[in-house]
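Should a chain be cited, it is by its letter among A, B and C, assigned in written order, with residues numbered from 1 in that chain.
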Amino acid sequence: MKKSLIEEKIFKMLMYAAIALVIYFVASVVLSVFKRGLPLLSWEMVSQLPGGGFYIGGGGGFLNAIVGSLYIVGGATILGLGISIPVVFFLNVYLKPNSRLGSVARLAYDVLFGIPSIVYGAFGFTLMIYFEMRTSLIGGILVVTLLIIPIFIRSMDEVAKATPTDLMEAAYSLGATRWETIAVIVRQIAPAIATATLLSIGRAIGDAAGVMFTAGFSDRIPTSLTQQTATLPLSVYFQLQSPSLEVQNRAYAAAVVLTFIVLALSIGGRIIMNRFSRNKIQ
Amino acid sequence: MNRRLLKDRTAGYMMFFLTISSLLLVVTMGIGLYLKASPILEEHSLWDLLSASEWKPMKNQFGFFPFLMGTLWVSGLALIIAIPISLLMAIYLTEYAHSLVRRFVYPFLDILAGLPSVIYGVWGMLLIVPWVANVAAPWVDRNTTGYTTLACGIVLGVMVIPLLVSLFIEIFSNVSHELREATFALGATRWQTTKHVVLRKTAPGIIAAIVLAASRVMGETIAAIMVCGNLAIAPGSLLDACYPIPALIANNYGEMLSMPLYESALMFAAFILFFVVLVFNLFSRLVLKKIKTE
Amino acid sequence: MNLFHREKASAKDNAFVVNNKFPHPDDMRLSTHALCVSIGGNPILKHVNVDIPCNKITCIIGPSGCGKTTLLRTFNRLVDTIEGVKMTGVVMLGNQNIVAAGASELTEIRRHIGLVPQRPCPLPMSIYDNIAYGCRIHGISGRRKLDAIVEYYLRAVGLWDEVKDRLNAPANKLSGGQQQRLCLARSLAIEPSYLLADESTSALDPISSRMVEELFVKLKKDYSIVMVTHTLRQAKRIADHVIFMYLGEVIEEGDAEQVFNRPKHELTQRYLAGSFS
């Protein structure tokens, strides 16, 4: 056989191996977490707050972490959407396509996207000390918002950029001002808003390094924005550090809950996407 | 001026303000971290901080060398693992695969990209650490707990695969079909075409993607902390424990408040991380953007 | 129901009149004087002087690249969206100069001058909202008023019976011809005086295209229509007034009957004879 064909064969085998390896990694991560944690997961764990002596093997569950994570994710997602939709709209409707500000801004959001959450956390922490704030729910929400804004903006901007010019002209020719075309743009990028939201929720709920500094940790469900709050990833991390097997088991159970939420987001995302695309003009 | 136009203008100014302030975030972050780090820079010279290997905050010794080396080892190893896998996978998906295969594989990448870093940490503790302790280390006649640079590198390497694959795919699909067909017409095999045309043409993009992935690996915190061993000594081999910079920051955030210089030292660590990531990101984004517009 | 004549709201009667909800100044004649438009330094229109008659169909004809579309898009200032555009001269709508109009007059001018696009371009909304959108931004609200408007204008373009059961369906689910009629209804709903049509039938199948054409003929009782068309046959079928352009200049303008049968200019003769296109 010719040398080139042998080479082709070898590399093709390597590619198959690479794909098999990646699929193995996915299965291995998900299954190992489920296999270890699922038998330990009980209703008590997801429905109760930590009881007395929780971290040395006492009873109770990690409802505090589940609710805390939902609060942070919910707050950050709403804030994030409220900031990024106007920014995307501004970049695409108010600015000219080759505007200087636009390209600098887009570069900055790309860079912000790459900055690790521990840096956001450390930065948020210094700000909070400066403003004499204590670690709290609101601190966590703000830092996670900063963390997800670049995701929102980047993925929505990608779609908004591709808005057909015909569409904008149709709106303008009806006498719409730039601001009034927001009704058109928002509907046009609705699928992107949906995917971006899911992506951000996924990143927000999994973030540990950012909230570690800013939201703190607490065994209770916060009743105000200024109280500390627990989060699922930190709950997993802290409980795994315990020498007690019982506490570690709870960490694995919490990991199952977290994985389940993320998987549901990823699968649900594909279904929801289709619904949001119904009005979109190609 | 009528009301509608007033609304248009006001909204414009407000959105301009929002855009500018989110832009300023980058600048504020850099300045804020630098100001916080400046006390320690006044006390010790930059070179001392980076080259000293004693980390004893209570004795006013802040040597960042072990942490820098930890980050370097771990990132290097993670990239060595991730690059070939991602490259081969991206080549297969863009050059060879049927669209059905693509539709089958993409969800796996999505899941891999979406899993939180703490879950990777748990996976590392459940599978990789025992594997290192029971299989890899005995193989070279070493005895470890498994919480090593090797374990950390593997975990971070797997984590960065989806990012690399998606970047590679984007870069490869920028190569025009005519170019590929021209080589096919000369009788080249698919792999030869890939090797001579696609990879050569996209080399700058591939490097930019790798730099971007490196910055991502360097910042990874929770997954690293859970498997790296957290020992403040520069690793001498893959089977030694290590202590990357993000782990240093995350592990000590509570204690540092009592000592101003300690806090400053950690913020200096955050600033290093910020600075390196910023430079890496700027470089690779500019390269990628240039490729896209070509 | 008389669909095409504006009902006059009598002084006593405060009831909402579906097709006369906006003010309509009497003198709304559209004309240009020494209009020059250049894009990035290239002159596209050179000293264009035209006078668009009211309640007639005016067809702008000429070979491609002669500036027909630019002229049309100057009338509602959509040329603004093009980078590096410069305009001099005068475009009068009634007693207002469109070229000099500021942003605040512009929205009102565009309400008076509707556009039916080249390719059907529904907004990414439901069928209902497509029509209601224009009215909403011009300050009309209230479900009942909007319901009446939507029904009236969907009837006007003959779409009502086809879509009345699915008004909340996305507009992009309609066929091309239906979409184009929806776009027409959308423009009509804000009661323009002029309708600009930029080859509005070129992307449609022959039957839909004929349907839209017939609508234009009906509409000229109430609207003045300016059409850009590539097909001479279409111009001959429906035009009352013809403007022939060549390389950014108006070569001949006049009554359709005269331009088509007794063209004065040699270029027009050659174009009509098909010696270039």
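Note that in this section contacts are C-beta pairs under 8 Å (C-beta built on N, C-alpha and C of every residue); 3 or more make two chains touch, one makes a residue touch a chain.
Computed from a prediction, not measured in an experiment: that's the story for all the values here.
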| item | value |
| --- | --- |
| Chain whose Cα centroid lies nearest the overall Cα centroid | A |
| Maximum centroid distance from chain C, chain identifier (CA atoms) | B |
| Rounded Å distance, chain A centre to chain C centre (Cα mean) | 47 |
| Rounded Å distance, chain B centre to chain C centre (Cα mean) | 55 |
| Approximate Å spacing (C-alpha centroids) for the pair chain A, chain B | 17 |
| Touching two or more other chains - residue numbers and ranges from chain C | 103, 107, 137 |
| Two or more partner chains touched - positions in chain B | 4-5, 8 |
| Junction residues of chain A - those touching two or more other chains | 177, 180 |
| Complex contacts: residues of chain C adjacent to chain A | 76, 78, 81, 83, 103, 107-111, 113-115, 117-119, 121-126, 133-134, 137-138, 170-172, 183, 186-187, 190, 196 |
| Interface residues, chain A side, partner chain B - complex | 4-5, 7-8, 11-12, 14-19, 21-23, 25-26, 28-30, 32-33, 36, 83, 86-87, 89-91, 94, 101, 104-105, 107-112, 114-119, 121-123, 125-127, 146, 149, 153, 177-180, 199, 202, 205-209, 212-213, 233-234, 236-237, 240, 251-252, 255, 258-259, 262-263, 265-266, 270 |
| List of chain A residues in touch with chain C within their complex | 96-98, 164-177, 180, 183-184, 187-188, 190, 278-282 |
| Contacting residues of chain B [partner chain A, same complex] | 4-5, 7-8, 11-12, 14-16, 18-19, 22-23, 25-26, 29, 32-33, 36, 84-86, 88-89, 91-92, 96, 105, 107-112, 114-123, 125-127, 158, 161, 165, 188-192, 212, 215-216, 218-222, 225-226, 246, 249-250, 253, 266-267, 270, 273-274, 277-278, 280-282, 285-286, 289 |
| Contact footprint of chain B on chain C as seen in their complex | 103-104, 107, 137 |
